[in-house]
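Both complexes below contain subunit A, partnered by subunit B and then by subunit C.
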Partner chain A sequence: MAAEEEASRPFAGLSDVSISEDIPVEGDISVPVGPSRTDEEFSTLDEPVKETILRDLRAVGNKFIHVLYPRRSSALLRDWDLWGPLLLCVTLALLLQDGTADSDLEGGPQFAEVFVVVWFGSIIITLNSKLLGGTLSFFQSLCVLGYCILPLTVAMVVCRVVLLAAPGTVSFVVRLVVVTASFGWSTFASTAFLSDSQPANRRALVVYPVFLFYFVIGWMVLTYFPVKNRQP
Partner chain B sequence: MATGPGSGTTNAEPWGSFDDNLIQGRSAVIDMENLDDTSGSSFEDVGEMHQRMREEEEVTAEAAEAEEGDDGEFLGMKGLKGQLGRQVADEVWQAGKRQASRAFSLYGNIDILRPYFDVEPAQVRSRLLESMFPIRMINYPQKIAGELYGPLMLVFTLVAILLHGMKTSGTVIREGTLMGTAIGTCFGYWLGVSSFIYFLAYLVNAQVTMLQMLSLLGYGLFGPCVVLLVTYNVHFHSLFYLLWLLVGGLSTLRMVAVLLSRTVGRTPRLLLCGSLALLHMSFLFYLHFSYHRILEGLLDSLEGPNLAPIQRVPRDVPEMALNSTLLGPGLLATH
Partner chain C sequence: MTSPNDLKFEELEDAVQLLSADPAASTLSMSVSHAPSSPAGGPDVKVDLSEDEQAQEESAEVLERVRGSMMPFPGRSFLKHYVRTSPDLYGPFWICVTLVFSMAISGNLSTFLSQTGNPEYHYRPQFHRVTIAAAVIFIYAWLVPVALWGFLTWRRRAERQIGVFSFLETVCVYGYSLFIYIPTSVLWSIPVQWLQWILVLVSMGVSGSVLVLTFWPVVRDDTKVMAAATLATILVLHTLLAVGCKLYFFQASEKLAPSPTSKPIHASATTGFL
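Let's look at the complex of A and B:
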């Protein structure tokens, strides 16, 4: 009891406020941040769809710019989202379709292959970096790895254009150069984001699977060859 | 752990044997509470007990809240019904969440694997190099590092190299994907052969655990990786045979030597090491020859856009016959 009295002494001055004790105190005490957040949520429900989509697109575009000019910034990490990786993955998979053999059975697996490689590869690299003592969360790593596929997607577009324009050995050399450059760019960009979260002596162990991952995707881009005369 | 109150009697078992109550003459009933059942101390059950304790706390807290809610007369009758509905929904949600979080915390815990990834780059490098040098001392059990990072990365590297080989050789997979086949082959070999050799080792009573076997075989894939990387790009059969014997042989010898040092007896050693050597060498042989086709097809494609390069060319096409006669019988034998 003595402790309670001692505790209530700093608040002794407040007991002079005229609230009678037999009236139950009603109402809700809301933290100032609370109501404004709920207001915000309600207002995004009322806004036109165009604004919602544009806001997300702008966020994705902003992250694309961060990948293209890799600086040590935390924009990709702070507000991670998986829209960008999904868009890039679907684009890459669509572009890599009807790329190899004569049978039309190949169209399906090619699309699924790219998806499986990208997503399971990213998951495995994320697990690996977490097991090696990384501080990034699961989805942040997925976000970074997915966004850094952008240079390879650009290379794919360039390769397709080059193949349409000038087929032959020259085109192979050009494609090789473009794919190698974009593969190096992807690896460099992702390590710029991921390496800060790893303990210093284990960076090489984390970078190697990333290198392998982009190497496999780059290889799929390089060996793409459209088959012109397909029998129905 | 049970000790009866004031029992100075010496117990045969640490868990307070059945004799406790009989000796003290109280009753012939076995007090189950005092038995420390070993099944209750397993991993899952400890987690369950912990969860149950937390649940009991939560349930009592909710019960207290529920009582207060129901007693609130100022809510009125409608408020009471709404409150009840909300309570039920709440409890269902809580129960579901509890189940899910219990399962996740037990099995989804990534920290189970963490000790196997505790390596430094220098260690990985030295282990890669060591995997190529057979040891001399086979009378003393050699230490095998139980890590999974190196083996896992080597298997993925082998997958990438295999993919490269399959693409350049023009393999067409009908019921599946190239990637699926490559991953299936490499992981299947690593996990399957490790399990098989571990099983054999268990039969002949060799001192090797599953983790060590996985690690040993994983590092033993370094030799085949190097050989395949070279021979998928430089297509000379004599070079392949040389590298197969030399590099493949060295890595196999290393694994065999380590296993020899951990096995006792001539027949067990022969069985274990013979089967490992056979499987490892024939895997490398298989990987080279099953994805090794004519390179000329690819070269032709670089000049002519109308030739689809990655395609199985039927055997009776005249160019095919010309190429096969040029390259010799070795290649024909593989078809």
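Let's look at the complex of A and C:
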């Protein structure tokens, strides 16, 4: 009994407190909201579709600029997205169609083959760099590899234009120079992003597959040759 | 189950010391020392992500193994000398991928070079060769080691005294032995027949001897018939790969089809010939 009394001593004053029933207990519990980001997330449902699409397109375009002028920035890594790589892959695969029939085995890569090379290749390189101890996440690495195909896609457009204008040895030399330059650009841009995340002694092991990947895509771009006479 | 994030190298110090002290020792000691660590029959190979001194030699190690695969010495087993107890899958896998593309690209180039004088020739990229090369090379470099490892494991149960390599070590040896074909395939694009066949013989000799020197200490304790049969099978498969690749990807100019703008009958004849 005495122990109970002592235990209740600190709370002794509370026994006098009473709340009469006719005073309503009310108030405001307000949680401080962060900057307007929370409001934005709710209001994206209400914004026009055009704005949503334009925002994504602007993000993709921003990353294109970061690829074309590779400098130390984290835009590609922080806000990764895979729309850009998808757009580039589809464009490249469409441009590589050379008008051969499905039954002609000797032609250039089919649409599906380009897709498999680009995406499967990127996934394997990402797994390789992760197994070697890389710190980039899976999708960040896919994002970087996909976006750095941009110079080769630009080279593909240039090659198609050159082939229309001037067939022959001159066009081959021009195409070779353009493809080599863009292959070097792609490799340089992607290793600028990827190699920073690797321990120094394994960098060569990570860079080589990237080099091989863009080399293969460059070879596909360079060997593009439209069939002149279509079979009916 | 190990997730990719906690893969690590296992170093068996005593096994390494034993082997470096006596490189000619039979591999029985290697398999015995493996037994405590993994009763399944082979060491678990893991890539250590946190040990810096292990990671120091990563790139240099791969290069050293590649160099070793090109210079076989009698009495020096590739496995014991270069791989020891830590087989890696990086080398075999990327050597196979590189070989696939180098075969396809050089084959395309050799077709082009051998047909430049032909006015009817119309350049084709021949991308389907990549698919075929990938199928052939990956089947050879991954299924043949499975079969060989399975066979050697079965023989070990029958005849106690022969040694056996783990599956990863077998794949590792086969993968690195294919490295010599990469520069060979680049040189094969020169459209000179006798040079191509000399290259076939040289590369078959080098990579075949790497395989034979590695597997000889394992099978020599078996009965003579089985030992000879095993080595003969390894060599025959290797020969088939080399000669088959040479004949398919680097065809002599007189066997090539005329340009695809001709009738479809020629195209089907070509695919029939291929």
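One rule holds for everything that comes next: the second predicted complex is superposed on the first by the 183 of 232 C-alpha atoms of A that agree within 3 Å, B and C clash if a C-alpha of one lies under 4 Å from a C-alpha of the other, contacts with A are read in each partner's own complex, and residues count from 1 in each chain.
Assume contacts are C-beta pairs under 8 Å (C-beta built on N, C-alpha and C of every residue); 3 or more make two chains touch, one makes a residue touch a chain.
Here the structure is a predicted model, which is why all the values come from computation and not from measurement.
The superposition on subunit A brings subunit B into a clash with subunit C.
By the touch criterion stated above, A:112 is placed in contact with subunit B alone, subunit C being left untouched. In the superposed model, A:131 makes contact with both subunit B and subunit C.
Contact with subunit C, but none with subunit B, is seen for A:224 once the two complexes are overlaid on the shared chain.
When the two structures are aligned on the shared chain, A:168 is found in touch with subunit B, with no touch to subunit C. Look at A:62: by the touch rule set out above, it reaches neither subunit B nor subunit C. Taken together, the two structures place residues 103, 105-106, 109-110, 113, 127-128, 130-132, 201-202, 204-205, 208-209, 212, 215-216, 219, 223, 225, 227-229 of subunit A in contact with subunit B in one case and with subunit C in the other. Against subunit C, in their complex, subunit A makes its touches with residues 98, 103-110, 113, 127-128, 130-133, 199, 201-205, 208-209, 212, 215-216, 219-220, 223-225, 227-229, 231. Interface residues of subunit A, counted against subunit B in their complex, comprise 100-103, 105-106, 109-110, 112-113, 116-117, 124, 127-128, 130-132, 167-169, 172, 201-202, 204-205, 208-209, 212, 215-216, 219, 223, 225, 227-229. Note for the complex: subunit B touches subunit A at residues 110, 113-114, 117, 119-121, 124, 149, 152-153, 156-157, 160, 163-164, 167, 172-174, 176-180, 301-303, 305-306, 308-311. Residue ranges on subunit C touching subunit A, taken from their complex, read 4, 7, 47, 49, 52, 55-59, 62, 90, 94, 97-98, 101, 105, 108, 122-128, 130-131, 260-261, 264, 267, 270-271.
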